[in-house]
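Two complexes are shown next, each including chain A; its partner changes from chain B in the first to chain C in the second.
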Partner chain A sequence: MSFRRYLPHYLMIAPFMILFAAFFLYPILSGFYYSFHDWNGVQTPEYIGLGNYEKVLGSRDFSRAMTNLLWYIALTVPLGILAALGLALLVDSFTGRWANFFRNAFFLPVVLPAFLAATIWRWIYAPNFGLLNVVLGWLGMPSVNFLNDTGTMLYALIAVDIWVSAGFNMVIILAGLKNIPSELYEAARLDGANKWQQIVHITLPMLGPVLFFVFTYGLISAMQVFDKPWLLTGSSFASYGGRRNALLFPVMDMMGRAFGGVKFGEAAAYGFLLTVAIVAVTAVMFGLRTWRERR
Partner chain B sequence: MHTMNKLRASIAGASALVALGAAGAAVAQDVTLEYWVYSDFAQGDALALQQEFIKEFTEQHPGVTINITGKGDDDLTAGQVAGAASGDLPDVFMNAQSVGAQLVEVGALSNLYDQWMAMPQEFRDQFDESALAGCMPKPDELYCLPYTGFGSLLFRNLTVLEKAGIDTSTPPATWDDWFAQMQQVKDAGMYAIPDETLVFNSIAEIYATSGDSSTWGFNWEDRTTRIDPEIMTRVLQKFVDMAPLNSGTSRNDQATKDLFISDQLAFHTVGPWVNPTYEEAAQNSGLKYDFVLIPGDEAGKTGGIRSYEMIGVAPGENQQIAFEFAAFITEKAQMARWATLLARYNANAAAMADPEVAALPLIKVSVDAARGAMDVAAPYFVDSVPSCYNSVVIDYASATADGEYTPEEGAKEMIAELNDCLAE
Partner chain C sequence: MSRITVWVVLKWVVALTIALIAIFPIWWTINVVFALPGEPVSLNPRLWPTSLSAGLQKIHMIFTETEYLRAYGISIAYALLTIIGVLLIGSLAAFEFSLFEFPGRRILFGIVMLALMVPTAVTIIPTYLLTSRLGWLNTMQGLVVPGLASAFALFMLVQFMRAIPKDMIEAARLDGAGHFQIYWHVALPLCRNALVTLAILTFIQTWGNYMWPLIVASRPEMYTVGQVVGLFNSPLSHHTVDTVMTANLLAAIPPLIFFLIFQRQIVEGVAMSGTKG
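Presenting the complex of A and B:
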């Protein structure tokens, strides 16, 4: 009786559920299955228990990729949000044509193809005569090989990442800013609050849900970082990660194992570990949010 | 002599076409072949010529349709590996010999040996022996037909060299001559060379100035590197010596080409694919350059690497007609037209010897360069090279150039780590 009653509802969500099952659920479950097998993508998979997980977790590249990832997340997510918040506040302070101009200008890197962004930045970072090194030269500083010096490679990537992602986050934060009632600021001004106090006591608390979204989304994206380090280091399936693997990240390592080494079982185990980590981090984020709201 | 060669090549071509035509006549039903090529072969004049080859072949084989698709290097490999997994492989495709082992492992490549042996001797004799040997991991296994290729060249910016007071009428004959010129360029306030430690192939190019194919690549039987510690020590010393003279950019960076074009960089060791860019700059902005052989340690020895792209054929019901198409496009007549259009060296020795082709300056020097060069990652089609291999070579070369190791230490540690990498 109730099935019949809700049949139209089921039918309405069916297209999504079918696509979700085909392109999301099935790959995850089949990946989970293959992660327990030695499989080159073609021949019959051979069951090897936890062998692939042991290989992945015990490999030097995995430790290096995870260490790089932790540093990358720790720096790029908060810095990215700070940059986006700063830009959003700046754009919000303008009205009319200037607001549109700045919003579009800051959003431009988001729509730029990754290879183009990487090419631009490879030029900016070029040793001796790249834009950045020319500026350093004017300041009397020596040339830095940003993309080959293991001490600077991660920071060079983070700068590119912030440049690309800040525009996207800015638009979301800007939408959040527009939703804050202007009466709150008027009341604060009447009470003598300065601009900084308004930001700290009104803007940031009111932006809580938006910042939570931006933070969670940034965290998930950062865990899957691939195209920018791949392109900045000129990686290929034969060689990736840059000098001393300073820009090796889990998805790069996984792709290399799959298509460079044709070890799809190992790559599946890697992918599953990464999926579990992303789901766990997301669950913790939502758990923390719920706990905070209940308090 | 030329007439005899021409006659012999014509007979070979005609025999091949007759053999192909006879086999093709067996194809009565409609067949569609998927043909994947490098993306730069699927645009402009190169695409037009590929389409002409397709037209000629399909006219001889009624009922056959061929769809050509261009893909980037990594996309070719990923697509072929994924295609093998899903049973949806392209029928004929290009790729590099260096990824051949992966493709054999996933079953993307047919063993063409029997079909190859069924071809007329004259056809088989057209190919460069070393290029063909690269396709044959065992005497009765042939996984590809060698296609385009390269031997690395030394591109020289003549304006920079003249400014540095160097006589450009004769190229440097030995490494010592070349290095002395690099120092003169640096003394004149310009960059001598890109940082050759940043890319695996440029490290190999410099290694080849001292070593050769027998001391480079892999011993797959015991999974060890063939790199000779003494030679690598000498090569690492060269990187140390070149460190103050280089531009800091890699051989493949756009910035390197821009430095060369803007008369700030003297030498660029690279394949012939940069020539169209430099040729255009010569016409538009007056760039003065030439290309010569990379000098080795002694006069007469050359450095540089050689590598070939291949045409592979997938197993399956279209395998026979796909092989016929592969044989058609790698045959002398097509390869000579291809070489003339692109001014690019290829693995068809008969086409390279064609007087019209051999007269092209870039081809002429490329033939000599490939003859004296070192195979970049041989032997091919045996086992896939772990990604750590190239990284270890790059890491130790650049760390030694930076002074973190002495050349002796760098060579010793590099070889130990390469053996670990291969064993793992």
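Presenting the complex of A and C:
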């Protein structure tokens, strides 16, 4: 009787829940199963215990990808947030039409598909005739092969990354700036605080939660970076990561194992290792926040 | 006007320079396309478009002589079907989760919200294997269906529908409206703004999705714009710079048009997803 009463509710959520179970819950469970099996996608999966995990953790590509990832995260996340914070403060210092203009201009790269941003930047970085090298030529400097020189590749990626993501984070920070009550600034001005002191003592502390979100979200997405390095290095499943694997990242490595090497079990194990890392990082971030709030 | 100090001038210079850096790559692409062919890019980082007809000719050429038009059609169909599906399925579920009580409501919603924290990395390969087993590789349903149950969409719509006064639902029920009619005629119109924002964000995201089409639509007949752009730009491509840049520009046009029309909704949508999360 009561089931009939609730039936309309279940019918309405059914499409979502069925698709969610089929294309989210089931894949996670089956991925967990595959991660303990040797499987090329055709033959029957063969149980090999932790073999896949050992193979991934012991492989040279894995440690290379992790090293790259650590350097990449250590630079791109803080630099990206600094850039976004700077942009937000800049936009906020304008009013009316110009504030809108600058906000939209800075945001423009966000709406472009990431594959396109990477593609266009590849032309800008191109050796000899690329825009950047033309400018270097004007300044009398030698041409640099930005995307094929292991000393510059990572920085070339980070520049594109910031170009794309700064506008996104700026918009979130701007929303946070709007929520800071203006009385705080007035009080500070009456106390004789200058612009810089106002930023350090009012703006930044008040932005705490927003910056926390931007930082955590930036960290999680940086750990999954794929399209940009993949396209900047002109990768395919046959060959990826760029010269001497200088732009090899974990998700690229995982996708390569699945679709280049048809080792689906290994790729599934890779996915779980990554997930554990991401969940751990997220947990640490939230733990740190609670710890700070308690003090 | 006594306030024009060094700082103000500096501020404008910095702001304009950054705006230039943000806009320049796409502006430069436009200029390469709308210029007579044959001029080497190297000698001329073109600063403004010079020939409208040459640009239109290149666009005409790329649509008639290459596979670009089909990829365009596929990407548009992929984006539109995804938008319709995500909005419809998400709003049906959000309506129930936000406005009604039924056994299992909390736990089901909780499970879906946990999904927001799971990275794509862990699901993409098993989802591919499932799609493959369903025989959906290189089909439109293979592209669209696995992405329809969007936890983000549900989260966002629930936030909005929570604000709908329960009295309005009761009033409609007393007027004799059925459950589905209340959803369709009361709840949906009330969260039109949220639906529009979600549709735009879904469009930009689907149009820019590179990873999923790369593995699911691996046959040339099912290539999306992202893959075709990749082909044009590959080191093995035999296309001229003009053609490649036209391919790039055409991929940028739909999201750019959306941005020009809906800039306010897009910016607010992004800001909201950040501050409420």
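The rule is simple: the second predicted complex is superposed on the first by the 269 of 295 C-alpha atoms of A that agree within 3 Å, B and C clash if a C-alpha of one lies under 4 Å from a C-alpha of the other, contacts with A are read in each partner's own complex, and residues count from 1 in each chain.
Here, contacts are C-beta pairs under 8 Å (C-beta built on N, C-alpha and C of every residue); 3 or more make two chains touch, one makes a residue touch a chain.
For clarity, every value in this text was computed on a predicted model and none was experimentally measured.
K.L.:
Specify the outcome, clash or fit, for chain B and chain C once both structures are aligned onto chain A.
P.N.:
After superposition on chain A, which the two structures share, chain B runs into chain C.
K.L.:
Determine, under the contact definition given at the top, whether A:31 touches first (chain B), second (chain C), both, or neither.
P.N.:
second
K.L.:
Looking at A:119 after the superposition, I want to know if it touches chain B, chain C, both of them or none. Which is it: first, second, both, neither?
P.N.:
Both partners.
K.L.:
Tell me the contact category for A:71 with respect to chain B and chain C: first, second, both or neither.
P.N.:
It touches nothing on chain B or chain C.
K.L.:
Which partner does A:104 contact after superposing on A: first (chain B), second (chain C), both, neither?
P.N.:
Only chain C; A:104 stays clear of chain B.
K.L.:
Thinking of the overlay built on chain A, is A:286 touched by chain B (first), by chain C (second), by both, or by neither?
P.N.:
In the superposition, A:286 contacts neither chain B nor chain C.
K.L.:
Now for A:42: first (chain B), second (chain C), both, or neither, which partner does it touch?
P.N.:
The first partner, chain B, only.
K.L.:
Count the residues of chain A touched by chain B and by chain C, then name the partner with the higher count.
P.N.:
C
K.L.:
Kindly classify A:163 by the partners it touches after superposition: chain B alone (first), chain C alone (second), both, or neither?
P.N.:
second
K.L.:
Looking at the overlay, what does A:23 touch: chain B (first), chain C (second), both, or neither?
P.N.:
A:23 sits against chain C, while chain B stays out of touch.
K.L.:
Could you look at A:148 and tell me whether it touches chain B, chain C, both or neither (first, second, both, neither)?
P.N.:
first
K.L.:
Could you list which residues of chain A make contact with chain B in one structure and with chain C in the other?
P.N.:
41, 119, 122-123, 128-129, 234, 258-259, 264.
K.L.:
Which part of chain B faces chain A closely enough to touch in the complex?
P.N.:
For chain B paired with chain A, touching residues are 73-74, 77-78, 81-82, 84-85, 98-99, 102, 105-107, 191, 195, 198-200, 247-250, 252-255, 259, 264, 384-388, 390-391, 394-395, 398-399.
K.L.:
Where on chain A is chain C touching in the complex?
P.N.:
6, 8-10, 12-13, 15-17, 19-20, 22-28, 30-31, 34, 41, 87, 90-91, 93-94, 101-117, 119-124, 128-129, 131, 134-135, 163, 167-168, 171-172, 174-176, 179, 210, 213-214, 217, 220, 223-224, 226-227, 230-231, 234, 250-251, 254-255, 258-259, 264, 267-268, 271-272, 274-275, 278-279, 282
K.L.:
Which residues of chain A touch chain B once you look at their complex with the stated criterion?
P.N.:
Answer in residue numbers: 40-43, 61, 119, 122-123, 126-130, 143, 145, 148, 234, 236-241, 243-245, 256, 258-262, 264.
K.L.:
Per the contact definition, I'd like the list of chain C residues that touch chain A in the complex.
P.N.:
It comes out as residues 11, 14-15, 18-19, 21-23, 25-26, 28-29, 40-42, 45, 88-90, 92-93, 95-97, 100, 102-103, 108, 111-112, 115, 117-130, 132, 145-149, 151, 154, 179-180, 183, 204, 207-208, 210-211, 215, 225-226, 229-230, 233-235, 245, 248, 251-252, 255-256, 258-259, 263, 266-267, 270-272, 274-275, 277.
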